[in-house]
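Given below, in the form of C-alpha cells, are the structures.
You will see two complexes here that share chain A, one where it goes with chain B and one where it goes with chain C.
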Partner chain A sequence: MSPAAATDGPLLSVRDLEVRTAAGRTLVHKASFDLKAGEVLGIVGESGSGKTLTARALVQALPEGVVADGDIDFDGTKILQSSARDLRPLRGSRFAMVLQDPFTALNPLQTVHEHIRESLDPKFRAGRVTARAEVERRLAEVGLAKEVADRYPFQLSGGMRQRVVIAAALARDPQLLIADEPTTALDASTQAQVLDLLRTLQRERGMALILITHDLRVAFSVSDSIMVMYSGTVLEHAPASSMSAAPRHPYSLGLLLAEPSVTHYQDTLSFIPGQVPAADTVTSRCAFADRCRWSTPSCTDKAPPLADITRVEDAARHTSACVRIAEIGAQMDDAMRSHAARPGIAPTPTTGAPLLQVTDLGKTYRSNSLLGRRTQTTVLKGVSFTLARGESLGLLGETGSGKTTTARCILGLTAATAGSIELDGVDITDYRRLRGEQRAQVRGKVQVVFQDPYASLNPSLTVGAALSEALSAGAGNERAPSSLEELLGLVGLSSSYAVRKPSALSGGERQRVAIARSLAVGPELLICDEPVAALDVSVQAQVLELLRDIRSRFKTSMLFITHDLSVARQMTDRTLVLRGGEVVEAGPTAQLLDAPEHAYTQSLVAAVSGHAPVTARSDR
Partner chain B sequence: MSELTATPPQNEADPAAPAGSRRLRPPVLVWISGAVAAAILVLVTVGVWIAPYDPMHQDLMNTAAGPGNGHLLGTDSLGRDVLALLMSGAHNAVIGPLVIALGAVLFGTTLGMMAGWYGGLLDTLLCRWADLMYALPGLLVVVVVVGVIDGGYWLAVCVLLVLSLPTAFRMTRSVAAAQARLPYVEAARTLGLPAGRIIFRHILPNIMPTVLATFLLDFVGALIGLSGLSFLGLGAPAGTPDWGSLLQDGQSMLTVNPWVSLAPGLLLVLTATSITLLGDWMYDRFTEEGAHR
Partner chain C sequence: MIAVFVLKRIGAGVVLLLVLSFLVFSLLSLSPGTPLQALLGTRTASPELIDSLNVRYHLNDPFVVQYGRWLGDVVRLDLGSSISVQGGTAVGDILGERLALTAELALYALLLVLTVGLPLGMAAGIRRGRRLDRAVSLGATMAISAPAFVMAIVLLYIFGVALKWFPVYGTGTGFTERVSHLTLPAVTLATVLSAVLIRQTRAAMMNVMSQDYVAFARLRGLSPRRILVRYALRNASLPVITSLGLILVSLLSSTLFIEQVFSLPGIGTLLLQAVTNTDVPVVQGTVLILGAAVILINLAVDLLSLVVDPRVRLVAKEGA
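Showing the complex of A and B:
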C-alpha cells in the first residue's frame, strides 16, 4: 500500500473496463474514467446501463458468474489483478460501499452498536469503553442520538437505517465511498437529508465519493462531475454544471428533458422513444443511435470514441461519445432553451358533477397480542374529498401517509372501518353488501393501475389471454373497447404483443399492458397508484403521456397517487396532501405547489427544490 | 415502504444468477433418476407380464436357494422366484402411494387455495384442523385403524391419504396466500372476476411448482409408509407380491438368501431417492424460470 496519493494524480483510475458474463456476453464496454481524492463522481444511467456493475468491479464485488477485465488503479493497487486476500485489508479502511436498500442491509438480530463496532478500526473495537465512545461519536457524525446505539434495525425508520449504514461504512475513514442508489428507497424529504449528509461528510473528510443513481436531480445535487452510462457504455462525462446547462450527448439531453418539471406544467412531456438495447448488441456502434433523432449512418459504422470536447465554460475535462456533436450542438442548445422557456398553462380544475364522494374515511387495524393486549393502528382518519367527473385528483404523500389505503378502500380491496364512499350515487363503502349485479356495475366503473409492473401481470398468462379475460369482464359496456387489437392500439402496442408473455416485456411495456387491462372494461374512474415510480426516467414520460392521452380521449376521471411532486404537477388538476392518514392541505395543484400553506407541504416542496429543510431533522 | 422501491437495479446482475445455481446439481444425476423412475413405471404397468416366472409359481426343488438354477436372485422359503416377485410386486408398492399422493394433492391443494384466498374464519378452521392432524402419531393411527377394522390394502391407502392431507394443505395455503396479495390478483379482483376463476386461472398456475413438489414428496412418504405397513402385515394382502412383505419374509432367511430382503429394500431406496431428486430438480427449474419472468 502506498501512502496517500501524490497531490495531483487521481486516486482512482479506470481504463478500458470490460464486464462480461462468464458466457461472454458484454455488460459493460470500455469504461474509462479518473477520480481525484476528495471529488464526487455521479454515475447516472437507467436500469441495464451497467452503472452498478461498473462500481462493483471497482471493489471486486461482482456477482458470481460475472468477470471484469481492464485496468483499475486505486491509489497504486491494481484492483483487478489483486486477490481477494490482498484486497481484504483495504476494504472498509480504504474504500467502502453503501447499498440501496437500508431495509435489508442491516442484520435484524444486531443492534446499531454491534453493527458499527464491527466495522471500527481494531484499536477502538477491542475495548468496551473505547468502542462505545467511538460508536457514539460516529453516530453523532451522521446526525443520530447516542441512544440509537442500543436499538435494533426494526426500531428505526428508513432514513435512520441508511444513516447507520453510512456510519458503518465510514467507521474506518475510507478514502473512497461508493454509494449505490443510497436514497432510492427513501421518502423525498428523507432523501434530501441523506444526500445532504453524504455531501457534508464527504467535504469534511475530503473523501472521494462515487454516487450511482438513476436520478439526474440527485446526481446534480451532490456531484462535481457526472458520467452518463447507457447500455454498458459511457456516453458523456462532464462537470455537473456543464451537464445541467448544456449536455453534449443526445441521450443526456433526452434524460434531462424527460424529467417532468416540478416547477411548471408542461403541455407535452418529452420522452425518448424506444427501449434500451442489450449491451452486447451495441459494442461496435453508438449505443443510442436507434433512439436518437440525429442519428446518421456514421453513428452505426463503428463505436464512437469518448472524445475530449472541453470548452472554456467547462470547469473540468468534458468528454462525449457523440461523433456529430460539433454539428448538432447548437440544435441541442436550442432544445434546452425552448424546454426551459415554455411553461404550459396549467389546466383549470374541472367543475363537473361529483363522481366519487369520500366522507370521513377511516381505517384502523386491530390486532390482539398473545397476552390479550389489544393494539390499534390507525392508518386513515377522517379523509374527505370529492372527485368531479373528468377531474384528475392527486393524492400526494410519503410512505405511510395512507394514500394507498384510501385507494384500496375505494377499490374494495380492503374495507374501511369508518366513513363512507359513494361512487356515481352508489354507496360502495362495503363491497360485500352490494348485490351481485350492482357490484359488477361498480367494478366496471373503477379500475386501477399498480406501481410494480413486474408483479401486476400474471406471469403465466400471455398478454392476449390476460386482456381478453378483462375484455370479457367488461362486455356490454359501451365505453369498453370492442376488440383486442383496438385495446392494444389504445396503449400504443401492436397486436403482435398478444402472444407474448410478461417475461418478454420491458417494464414500460408491462405497464402499458396493465393500463390496457384497466381500460378493457371502459372505466369512468382510473386509480393510478404510483404508475411510474418503478420505471426508468425515459420511459416514465412515455407512460405519463399515455395516461394524459387516455384522459383526454375518454374523459376518464383519475385519482393519481404519488409521492413525486413533479408527477402531481403534470398529471393532476387538484391535489390533496396526506400525512399520517390525514389530509393536511388541499387545493388546485399549481397553487398548492407554488404557494404551499401547510408547513408539511412546504417541507415537501423545499426538499425537491434541492434545499434540505434545516428544521426537518425529523428522524429521531 | 413498498411504495418507493423505484427502479430495480438488481436486474443488472441478473444474467449471472442462473449459471451459478444450475451447476449445483449435475444433470447426470437427474438423468439417472429419470431412468430409474421410468423403469419403475414400466414394472408397475407390465411387470407381472414380463417377469421371468409366474410370481406365485413354487419351485419346490429349489426353496430358499441363493442365486442360480435359473433364479437370478434365488428363491424365497416357498420356492418363489425373487426377481419375479419384485417385478410384479412393483404394482402394489407403487399404485397405493400414487393414489395417496394424487388424492392428497387434489384435496389438499383445493382446500389450501380456498383457505389462502378467502382467509378469515374458513382459513382459521382449516388451519386448526391441520394442527390437530399434525398432533396425531400418523403410523400408529394407521396400525390401529387398519389392524382393528382389518380392511387391508385399500383401507390403509385411504387412511394414509387422509393423514397426508394437512401437509399438502399447508404447503399450498402458504403460497396461495402469498399470491393472493400480489397486484395481478388484486387487478383480477377489481375486474370483478369470480373467485373460482381467479383461484384456478390466476393463482393455481403460479403455485404449480409447489404443488408438484408436494405431490412427489407425498408420494415418497407414502411409498415408505405403505411398505412399512406391508412389512407389518397390514398392507398388501397375504399372497400378493409386494416389496414390503417380501422384506419381512426375507428377514428369517438372511443367511440363506439375503437377496429376498436386500433386493426390495434397495429398490425402495432407489425409487424414493430418484423421485426426490427429480422433484427437487423440477422445483428448482420451475422457480428459476419463475424468477426470470
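Showing the complex of A and C:
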C-alpha cells in the first residue's frame, strides 16, 4: 500500500502545468487536477487539445523540443524536478504508460515472452522457470493463452498486441497507468474488449487509471471523473455521471450533442461551428468564446478560472471554467433534455430504379511468395446487392471484412475475380473492357470520398486549382456545378478558400474540399469510404450534415462504408453487414440495428451500447 | 522449412553461375577473329600449337558441346592456360596468386568499415544534432562527394610521399610489411565505403530511436543498455544488412579500381591486363571468380537477414 492510498490524499496532484515549445509557444495552459489512488480519470477533447502532451508531461516523457513547467507531485515525487535517472526506478513499478498504436509499440525482433520478461521485477526475471511461469500468469491476466509467449509481434492481431502491451506495462504492478487512446487503432469490437480488459484490471488491482480518448461514450463507460480539455486548457472537470447528465460548460455540452446517436435517427445533427484556436492565442480569455453562443465581453476580459461549482447531486468535486455558468446552466439543461427527448423520424427509403447492381462479387488475391509457392486469400465471396437511385446503402464491418475492396471493385481500382457489377445498365465488372468514352461516362457517374482527407488531396495544388481541374472533367454534365463558387458554396466554403493549399486547412475543411472535388462532375453515385472516421466529433457531425444535404438536393445515391453504427444509423436507409468478405445480414438500417438477427451483428450492437459480454474474446 | 529455403537459395545461386559461365564462354566466339585466332593471340601459329588448341578447346565440335566440355574442365578447376599475360601458366595458378592479395585488401578494408564506419554512424544517429553527429555527417558528406581516385592520391601524397608513414607502392613480404603496404589502399577503400554506410546507419539509428517501441521501452523503465542493444542496435541493423550486399559488391569493384591506383598486383590489375592483351582464358577465369564472389556475398547476406529478422524467418518457414 502506498502512503497516499493509506491517507486518502491524492496519488497524483498536478498544479498549473504549462507545456511549451522550446521557442516559448504555449501548448498546454495551467492544467490542474488531482487523482486519488484507484480512481479513473478520463481526459477528453478534440485533436490538438493537449491531451497527449499533458499525459506525457505527467511521466516526463515529452517529445523533443517541448518543455513542461509547474508542479506534478506523484506520491511525494516531484516529477518535473526529478532527473531521468531518478525517475527510471519508478517507471513501470509506480507508474506506466500505454501508447495509442499497438502496431508500433513492440520491438519487432523480440518475442512476447521477452517483452514481458524484461519488464518484470528482477526477482521474477532471474530464473528461467520462474520467469516462464510468471510470464504465463501475466498473459493469462490479459486474456492471452500461454502459447502466445513464443510469438513475435507481427504474428499477432492488433487486439492481441495491445493486450501484450498492457501486460508489459503492468508487469511491475504500477499504481498508476496512463493509457493514451489505447483503442483508437483497433476495430470496433476489439476496442470494446480491450476497454473491458482495462476496466477489469483497474478494478482488480485498485490501480489508478488515466484514460485519454476523444470518444465521450468510451470515457463515460470507464471513468469516475472526466476532464474536458480544449485548446490546451481544462474547461471542465466533473464526475462522469454529472458530465453525462448535466454538463456545466458550453463546450462539454456541444461535444455531447454532437455525438451522433446510435439508438435513433436525428433530423439534424448538431455540431459546434468554427475551429479550435491555437492554445497560445487564448491564454488570457475563455478559449471557447469564439464558438460559444453565450459569449459576452465578460468572457474575454481575462481567462476564466477553473471554479468549484460542486452541487449536491455531484458525486465528487466539479469544476468549470465558464464564468457565466450560473446564468446559462438552465438553458444548457434544456438543450440536453430536448436532445434526448426528440428522436427524429427517418425519411422513408426512396425506391427508385436500380442504379447499381452487384451480383455474386468475389475477389481472391493470388500471391506468389518469393519461393514460388502460391497462396490465395479470398477477401470477398458472393456479395450481392442492389442500390436504387437516390438510396443510401451502408456497408458495415471491421477492418478486413471487405468493405473497401467492394468499393474498389465498383470504382475499377481493382478487378473482381468473380461475379458482375452493373452501373446504370453498363457492365463495369472489368473497366479494362470498357471503351474510352464509356469509361469516362462511368467515371462521371461514380465518385468517391476517402477516409483520410490529408492523403487524398494533392498538397501542392491550391483548392481552386484542384477543384477547377475536377470541374473541367465534369463539363457538359447537367448535374455538375457550373462554377468554382457554386461548387465551394455546395460544401459550405466561401470562395476565399480557393487560394488556400490543403496544408492551410483544418481536417474538416479538407474533407469538404475532397467532397467538393467528387461533386464537381455531378456524380449519381457517391461512395463514402469512412468519410468521418479521421475527424473529431464536432466536425464529424458537420460533414455528415453536408452529405445529407447533398443527397436530398441532388438525389445522389450513396454507398456508405463505415465501421461506426451511429454513422450507419444517421446516414443510410439500408445496411449490409460484412464479415470475412461475406454478407452476414442485410436489411433496413433501423430494423437491423434495433433487432439484429445474426450473432455477429448482435455483438456489434452490444459492443457500442456498452454491454459487451466480458467473456467474448474473439481475438484470443 | 528453413533448410529447404537455404537449399533453394543456393540452387538459385548455382543457376546464376551457370548463366554467367555460358556468357563467359561465349566471350571466346564474340572476340574478334575466329576462336582459334583469339586463342593463339600473338603467338606464331605452328601446326602443333593449333592442334593442341583444337584438342584442348574441342574447336571442331558444335558450340554447345564445346561449352559442355569447357564447363566440365572448369568444374575440375581447369581454366586453361594464359596466352599473353603469363604465357603458358595455368589460369588457376595465376588467379590463386592474385586473388590472395585482393582478398587481403578487401578484408582489411571491411574490417576498418565495420570497426570504424559502422560505430561512427550509429553513434551519430543516437546523438543526433550533437557535435559528434555534425562532425561525422560532415566527414561523410565530404567523403561521398570526393571521387575515390582523388582521395587515393591525396592520401598517397600526404601519408606516403610527404610523411612517409606508409610505403607508396609494392606489396611487401611478411605479415607486418604486408599490412603496412596495404594500409593506404585499405583506408582509401574504407573511407569511400564508410561514407555511404555511415549515412545509412545514421538514418537507420535515428529512425529506430524515434520509434514507439523505444519510447515504450523507456516508459517501462528498461535499462538504457538494454534499450541500446536489444532495441536500437538490433533494429537498426536490419536496413543495414539489407544494403550490405550492395556495399560488399561495391567494395569488390572499388578494390579492383584501387589496385590500379596503388599498383597492387591483384585481381583487378590482372583483369585489366588480360583485357588489354585479349587473353581470353584469363578474362574468363577472372570474370567467373568475381561473379561467384558476388553471388556468394548475396547468399551470405540473405542468410544473415534470416538469422536476424524473425519475419523473414517465418516467410522462409511457411514458404518452403
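Operating definition for what follows: the second predicted complex is superposed on the first by the 612 of 620 C-alpha atoms of A that agree within 3 Å, B and C clash if a C-alpha of one lies under 4 Å from a C-alpha of the other, contacts with A are read in each partner's own complex, and residues count from 1 in each chain.
Assume a contact is a pair of C-beta atoms (placed from the backbone, for glycine too) under 8 Å apart; a residue touches a chain by one contact, two chains touch by 3 or more.
All values derive from a computational prediction rather than experimental measurement.
After overlaying the two complexes on the shared chain, residue contacts for A:547 are found with neither chain B nor chain C. Judged by the number of chain A residues each one touches, B leads among chain B and chain C.
When the shared chain is aligned, chain B comes close enough to touch A:439, but chain C does not.
When the two complexes are overlaid on their common chain A, residue A:321 makes contact with neither chain B nor chain C.
Of the two partner chains, chain B is the only one touched by A:502; chain C is not. Look at A:399: by the touch rule set out above, it reaches chain B but stays clear of chain C.
By the touch criterion stated above, A:93 is placed in contact with chain C alone, chain B being left untouched. When the two structures are aligned on the shared chain, A:23 is found in touch with chain B, with no touch to chain C. The intersection of chain A residues touching chain B with those touching chain C, taken from the two complexes, comprises 101. Every residue of chain C that touches chain A in the complex is listed here, in rising order: 5, 8, 211-213, 215-222, 226, 230-231, 234-235, 238, 308-311, 314-316, 318-320. Listing the residues of chain A that touch chain C in their complex gives 59, 61, 88-93, 96-97, 99, 101, 104-111, 118-119, 152, 154-155, 165, 168-169, 171-172, 369-371, 373.
Interface residues of chain A facing chain B in the complex, by the touch rule stated above, are 21-23, 25, 27, 46-53, 62-66, 100-101, 103, 158, 180-181, 184-187, 214, 399, 404, 411-413, 439-440, 443-444, 446-448, 450-452, 454-461, 469-470, 473-474, 501-503, 514, 517-518, 520-521, 530, 533-536, 563. Interface residues of chain B, counted against chain A in their complex, comprise 1-9, 11-13, 15-17, 19-20, 182-193, 201-202, 205-206, 290, 292-293.
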